[in-house]
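Mind looking over this structure? Questions follow.
All chains are identified by letter, namely A, B, C, D, E and F, in their written order; residue positions are counted from 1 within each chain.
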Amino acid sequence: MAIVPKISDQDANPEARAVFDDIRATRNSDQINDFWRVLANDPPHAAAVWAQAKTVMAPGALDALTKELIYVAVSVANNCEYCIHTHTESARAKGMTVEQHNELMRVIALAATTNRIAIGYQIEPDERFRK
Amino acid sequence: MAIVPKISDQDANPEARAVFDDIRATRNSDQINDFWRVLANDPPHAAAVWAQAKTVMAPGALDALTKELIYVAVSVANNCEYCIHTHTESARAKGMTVEQHNELMRVIALAATTNRIAIGYQIEPDERFRK
Amino acid sequence: MAIVPKISDQDANPEARAVFDDIRATRNSDQINDFWRVLANDPPHAAAVWAQAKTVMAPGALDALTKELIYVAVSVANNCEYCIHTHTESARAKGMTVEQHNELMRVIALAATTNRIAIGYQIEPDERFRK
Amino acid sequence: MAIVPKISDQDANPEARAVFDDIRATRNSDQINDFWRVLANDPPHAAAVWAQAKTVMAPGALDALTKELIYVAVSVANNCEYCIHTHTESARAKGMTVEQHNELMRVIALAATTNRIAIGYQIEPDERFRK
Amino acid sequence: MAIVPKISDQDANPEARAVFDDIRATRNSDQINDFWRVLANDPPHAAAVWAQAKTVMAPGALDALTKELIYVAVSVANNCEYCIHTHTESARAKGMTVEQHNELMRVIALAATTNRIAIGYQIEPDERFRK
Amino acid sequence: MAIVPKISDQDANPEARAVFDDIRATRNSDQINDFWRVLANDPPHAAAVWAQAKTVMAPGALDALTKELIYVAVSVANNCEYCIHTHTESARAKGMTVEQHNELMRVIALAATTNRIAIGYQIEPDERFRK
């Protein structure tokens, strides 16, 4: 159970309600994920995070699906159950195929292994990366 | 300093040398990164990791650059200095632009924030993700 | 489900029972959290951890609430579900207001972002911190 | 060595320069830490992170020193060398005494231990925290 | 709930079925853990991971129980709920006593503390470990 | 550079000096690692950690080498450069062979991979582990 309650549309103050409204408009969906309903307990924080998320996740030099794949990868490495569910779903909604999901997981699993090998043997960055 | 020595071409046993040769052939470069020279202290492990890396990082349902971006994202989340340097370089070699690098870092930074918010408030996966 | 059973007052051996008794006396409450009932499977470990916790968390140069805020921050960064619930509750019991909780979460979220940016770009400590 | 160059005052574009100027004005110091000089390679990201940092770290329901202690705690848990140096220095500048630093480290060390015990034995949140 | 379905024996393709069969033969048990039923959604990944696991976990210079203890230690540090349950069970099946489990947990808890102290004070490797 | 100075034998207060003396007597060596010289800035913390370390690392139900292997595994997972160097050296001093070191690293690398797969697919503990 979350440590603070979920804020309903009715209970949201104007700042939080504006975040909900913009999420709905941006995503063209009536759905508000619990992440935002919980963070709405701190409306200025919700507004700041949403503004950043809206900007960062918009297609740019990287397309929207690639950004979601990166988001899932970070969330798996950070072990965030909530974020893994939500962003895997988002990736699927943006077109991630089963095979792409499998390849994403293979890269995450490979990197986990080589990260630990490099750390365990304390391999220094190659000469060309050092001053 | 690495905990075990780097294995030169001359000191590599046949199994390790075969890994070095295949890396050179696959990457079409004479360069062998220190990761492999260190892991060559355990030739069967080097062979197994290289076989997995060669398969996983080959273009498939995800292109080679996208895989490198995911690799960098995991390495940053796992705080692997060696891997961040090497795979950022690989991503650049596969065409990552400055703006793509910036967007990669923005997604990593955003996910780090939202991961911690979800964890800190103990937000449970939305109803639709639960049994 | 925990991997080992919870130890009831009756089943506790004298060393574990002494820990329970001292927790009750120190906290002026009859409540024994499951953390201690589980750790009581290894009474000497329970005794050592409790002795350390009692000393470390007592008000000193830092007041008791500040220590709880730090405890929550570490527990969120380490993703410890059990500890987040328990120490957020302890912080509230020691007077943490809703606004303080929100500010705690904002600092945790900000630090998560800047930590990853510093790591992702491999920013070295400023010259004045280096030998 | 950082993966991207540090941006000098002269090389900063107007958006990055505005960040540098506001850091100098806010902190009443001419010093710009390398974090900002590196992040200035992506001026909009620098501006967004600085805006968030300036807001979040200002004294509020928690005083400025307490916020720095929390920042250090998260940075230690996340193992961010850069951030540990910088924010320990900031905490000292805001009045952290040697004894407070020691107590901060004791709480971080204690939480690290109890976090791992709770995780290792898979202790579930006490009944009162569950639905 | 897992993000992808568990694959039954009937639904497994030949590559996945061969993994299931080899797990049964190697472990001399009819039980297939959900890890493998989920990973069987990506049969080549399942085959690669199983091949590696079978090789790595076989008794060698380290006995099978010692390998399981190490596996549990890593899984606790990485906070993998699934892996902690499974590998603690495996360790017990290979003879881990209650007292050995307790000592394992004590070492994990101690290392968590000293790791954070070394990081928090930024203690550099002793002179003899540096170039 | 460490954030606080190393305490020499001459500068150590009696409580810190007693820790140094007991380390020398216990290890039968004149060497005091920098970890203890840094932690000696907080003598009660040094005394508490050393008392715990001396007890926990003594041979018991697990032998001294096995405990060092577990210590290294945790330190690699936690990415503690200082601790990886020191405890790999300790493991060697207690008889760890090259082949045992290789197998340790293979288990750490394998667990890193399977931990991330279990987390990435959100595989729940098998039915028998659930209430």
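Everything below uses one rule, namely that contacts are C-beta pairs under 8 Å (C-beta built on N, C-alpha and C of every residue); 3 or more make two chains touch, one makes a residue touch a chain.
What you see is a predicted model; the values in this text were computed from it and never measured.
Among the chain pairs B-E, C-D or A-E, which one reproduces the interface of D-F, with more than half of its contact pairs identical by residue number?
Interface equivalent to D-F: A-E.
Looking only at residue numbers at the chain A/chain D interface, is the share used by both copies over half or under half? Answer same or different.
Comparing the two copies, chain A and chain D contact each other through largely the same residue numbers, since over half are shared.
Per the centroid of Cα atoms for each chain, what is the distance between chain B and chain C, given in Å?
Distance between chain centres, rounded to whole Å: 34 Å.
So how far apart, in whole Å, are chain C and chain E when each is placed at the average of its C-alpha atoms?
Computed from C-alpha means, the inter-chain centre distance equals 27 Å.
Can you list every residue of chain C that touches 2 or more other chains, as numbers and ranges?
Where chain C meets two or more other chains at a single residue, that happens at 1, 3-4, 41, 45, 49, 52, 76-81, 84-85, 102, 105-106, 108-110, 112-117, 119-122, 129.
Which residues, counting only chain C, touch chain F once they are in their complex?
Result: residues 1, 48, 52, 55, 129-131 of chain C touch chain F.
Can you list the chain A residues touching chain F in their complex?
Checking each residue of chain A against chain F gives 72, 76-77, 79, 81, 84-85, 105, 108-110, 112-117, 119-122.
List the residues on chain C that touch chain D in their complex, please.
Answer in residue numbers: 1-4, 33-35, 38-39, 41, 45, 49, 52-53, 56-57, 60-62, 66-67, 69-71, 73-78, 80-83, 85-87, 89, 97, 99-100, 102-104, 106-108, 110-126, 129.
Sort out for me which residues of chain E touch chain A in the complex.
Contacts found on chain E: 3-4, 41-42, 45, 49, 78-80.
Chain B touches which residues of chain F in the complex?
So the residues of chain F touching chain B come out as 79, 84-85, 88, 98, 101-102, 105-106, 109.
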